[in-house]
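Attaching a single structure in structure tokens format; questions to follow.
Order of writing sets the chain letters: A, B, C and D. Residues in each chain are counted from 1.
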Amino acid sequence: MIDFFIIPVVKLTIIFSICLFLIAYATWLERKVLGHIQLRYGPMRVGWHGLLQPIADGVKNFFKEDVVPDNADKAVFVIAPVISISAAIILLAVIPFGEPIHMFGKEITLYIANPSIGILFILGFATLGSYGTILGGWSSGNKYGYMGGLRASAMIISYELSMAFAVISVVMMSGSFSLVDIVTDQETIWNCLRQPVAFLVFLISGTAELNRTPFDMPEAESELCCGYNVEYSSMKFALFFLAEYTHMFVFGALVTTLFLGGWHGPWLPGVVWFFIKTFLIVFACIWVRATFPRLRYDKVMKLEWKFLLPVAVLNLVATGGVMLFFI
Amino acid sequence: MTEHQSIYLALAAVLFAVGAFGALTRKNAIVVFLCVEIMLGAVNLVFIVFASANQSAEGLFMVMCVMAVAGAEAAVGLAIFVHLYRKTGTINIDKYNLLKW
Amino acid sequence: METMAILFLGVLAIATAFLVIFSKNTVHSALWMVGNCFVLAVLFLMLNSQFIAILQVIVYAGAIMMFILYAIMMLNLRREQDEGDPRKNLVTGRILLVLLFFTGLVIMGVGFSPIALKGRMASQAVAQFGEVNLIADYIFSEGLIPFELVSVLLTAAVVGAVYIAKKN
Amino acid sequence: MEKSDIVNVSGRRVEKGRYVAPLLKGLAYTLKNFFSRPVTLQYPQEKTERSKRWRGLHRLNVDENGKLKCVACGLCARICPSQAITIIPYEDEGGTRYPKKFVIDELRCIYCGFCQEACPKGAISLTQVYDYIDYHRSDFIFDIEKLKNPKQFEFKGK
């Protein structure tokens, strides 16, 4: 009873609430970092250095009027943000946050599930999450939203490939799809040193999958005036927003797990190392957003099909060759 | 698990029938395409049931082949539909009564 | 308990399949198809094949359906064109024939399924089954030639799709 | 990529085919910015230094006895290009003129400062207060009491 019900439920509650708290504060972090990079302060008013800003935003979004456009596809319009957020949050289930800890005479693992197909689970559900974007754009009955949705689907079809190839070369090194196995495999040397090319390809295509600048094709403010979420308001918009930041957090966690040695690190406990690394990746995401302008749409496609994908495939072949002849 | 075999197989048969029914009745080419995918899914289910019953990987491998075929079918089929749509302005398969353009 | 779950999922699968057929809007059809793929993935999970289940989600729901949705959106098929209500041409003679044929198939499937089993499996094998290793071993030993042929098929499909798309 | 292949991007000569070095340069620049002090001010608490000649709300000056310096000559009202000043003069028993009513419509005023220059007694001058806010248009019609101390209307945040 305790092993099969109470411990998982408590673990689920704690992990999800901590993660959702961090995700809410990722919005604050983004505004703050963007502000300081642009020589501004960012939010300062609500609470000390704007620390209560996420809560204020949440309250504001909750009480705003919920507008559904007249020529929208009502059912799809309502369901799109739900798809987006649920497919994003489910990804937290398979991320190993730290090494197993001992508490109350029991060994407690710091992940909710460790399926043998963990990384495939993440790839699959990350793709499902983009259905929310696509359907949200399509169902708004708005040309900008429509273009945003179209671009989102083209992006996800393209960048999924190089991302999967980068992941597969890591899986080849560790011989398992399970994220926990991948982390334990990196105890001596991190994968970013063993697989630098895959690391870079994963970073670039991951940023593209997150739909963040410089690859934010679906929302491209200056071209499509926010693309897929033009017509969204109130809580529905907040859900899209939250899904985007959840994806960013998961992306950071995934880079940490796959390439930066997960919870491994000297002196500090594993969980702390994990969150430090994740924070650094999230910071890098924001930093990149603040630095680079958006690429043109055809250049984005060119980058994927003519550069990233061949590089990822060559890296895969090279990894196979090295493993065959030297290990 | 073994005792549920019959349910799975019956379900697969019904799904296959529904897919075939849709493929025969609908005139929208893309929906016909989706119905073919439903039929493929039903077949996959049968393969997996027998693979799990007989503890062999052959059925699973067949499923992977079917998925690859479905992917190839999607790529070529949709390319054809898009092409036809540009030529004729419709995707109603009843309108495609010419063998050569 | 398990029977109930299977029946529930089966009803869901058939319902989504029917909704694929009877949706007037092509995008709704595609959406119900995603649901159908998902239910099938859960059924595969219940048959202990995790890998195939997640493959179903990635390949069908993730790639193929995404691709179809992209095509639908590109053709901008918001409303069903010149077909009218799909429910109109529902009952014709050949359809009934097909249904009868499949009813026979159902009866045969239910009746003959125990014959196809070679025997009950050991619990050890059940836990092992569906793991990636099993499939990988098979692919790269006995199934090598078909596997390579599949890759040839995919390459041919890509070349064909690019050729058709480039034609005009 | 040929080194000679040069494209012109916003007036700067950039060699075509160089991607990585400029990207890293950009990242370094933004990181440097991240650690430097923001240039913006926290407005109601901190305000920019205004020029000495800044022309804000009007003030009616008083002499050492606390009486208005104004003699209600009406020169300011006469010269005002937007006719924002209304004066009703009054004379007490000793023959000293003083304004019974001195009203400036701050919404009409264009803050040209002519009234200050026209005044022979130095009775009216423009302060540096520029951020008076209120809810009604009538609140912007300043009478003598308000004009005596416009400093109190400076916005200091809530």
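In this text, a residue touches a chain if its C-beta (ideal position, glycine included) is under 8 Å from a C-beta of that chain, and two chains touch if they have at least 3 such contacts.
It should be emphasised that the depicted structure is a prediction, and the values quoted were computed from it without experimental measurement.
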Which two chains share the largest set of C-beta contact pairs:
B-C
Rounded to the nearest whole Å, what is the centre-to-centre distance of chain A and chain B, using the mean of the C-alpha atoms as each centre?
33
What is the distance, in whole Å, between the centres of chain B and chain D, each centre taken as the mean of its C-alpha atoms?
73
Express in whole angstrom the distance between the two chain centres, defined as the mean CA positions of chain B and chain C.
6
Mind checking the centre-to-centre distance between chain A and chain D? Centres are C-alpha means, answer in whole Å.
48
What parts of chain D, by residue number, touch at least two of the other chains?
none
Multi-chain touching residues of chain C, meaning two or more other chains, are 51, 55, 63, 67, 74
Testing understanding: with touching defined as stated, what is the shape of the graph linking the protein chains, line, ring, star, complete or other?
line
Touching chain A in the complex, chain D uses residues 23, 26-27, 29-31, 33-34, 36-40, 42
In the complex formed with chain B, which residues of chain C make contact?
2-3, 6-7, 10, 13-14, 17-18, 20-21, 23, 26, 29-30, 33, 36-37, 40, 43-44, 47-49, 51-52, 55-56, 59-60, 63-64, 67-68, 71-72, 74-75, 77, 80-83, 86, 89-90, 92, 94-95, 98-99, 102-103, 105-106, 109-110, 113-114, 116-118, 120-121, 125-126, 129-130, 134-135, 137-139, 143, 146-147, 150, 153-154, 156-158, 160-162, 164-165, 167-168
Considering the complex alone, what residue numbers of chain B touch chain C?
1-2, 4-22, 24-28, 30-31, 33-35, 37-38, 41, 44-45, 48-55, 57-58, 60-61, 63-65, 67-76, 78-83, 85-87, 90-92
Can you name the residues of chain A that touch chain C in the complex?
73, 76, 115-117, 120-121, 123-125, 127-128, 130-131, 134-135, 138, 146, 149-150, 153-154, 156-157, 160, 177
Chain A partner, complex, touching residues on chain C are 25, 27-28, 31, 34, 50-51, 54-55, 57-58, 61-63, 66-67, 69-70, 73-74, 131-132
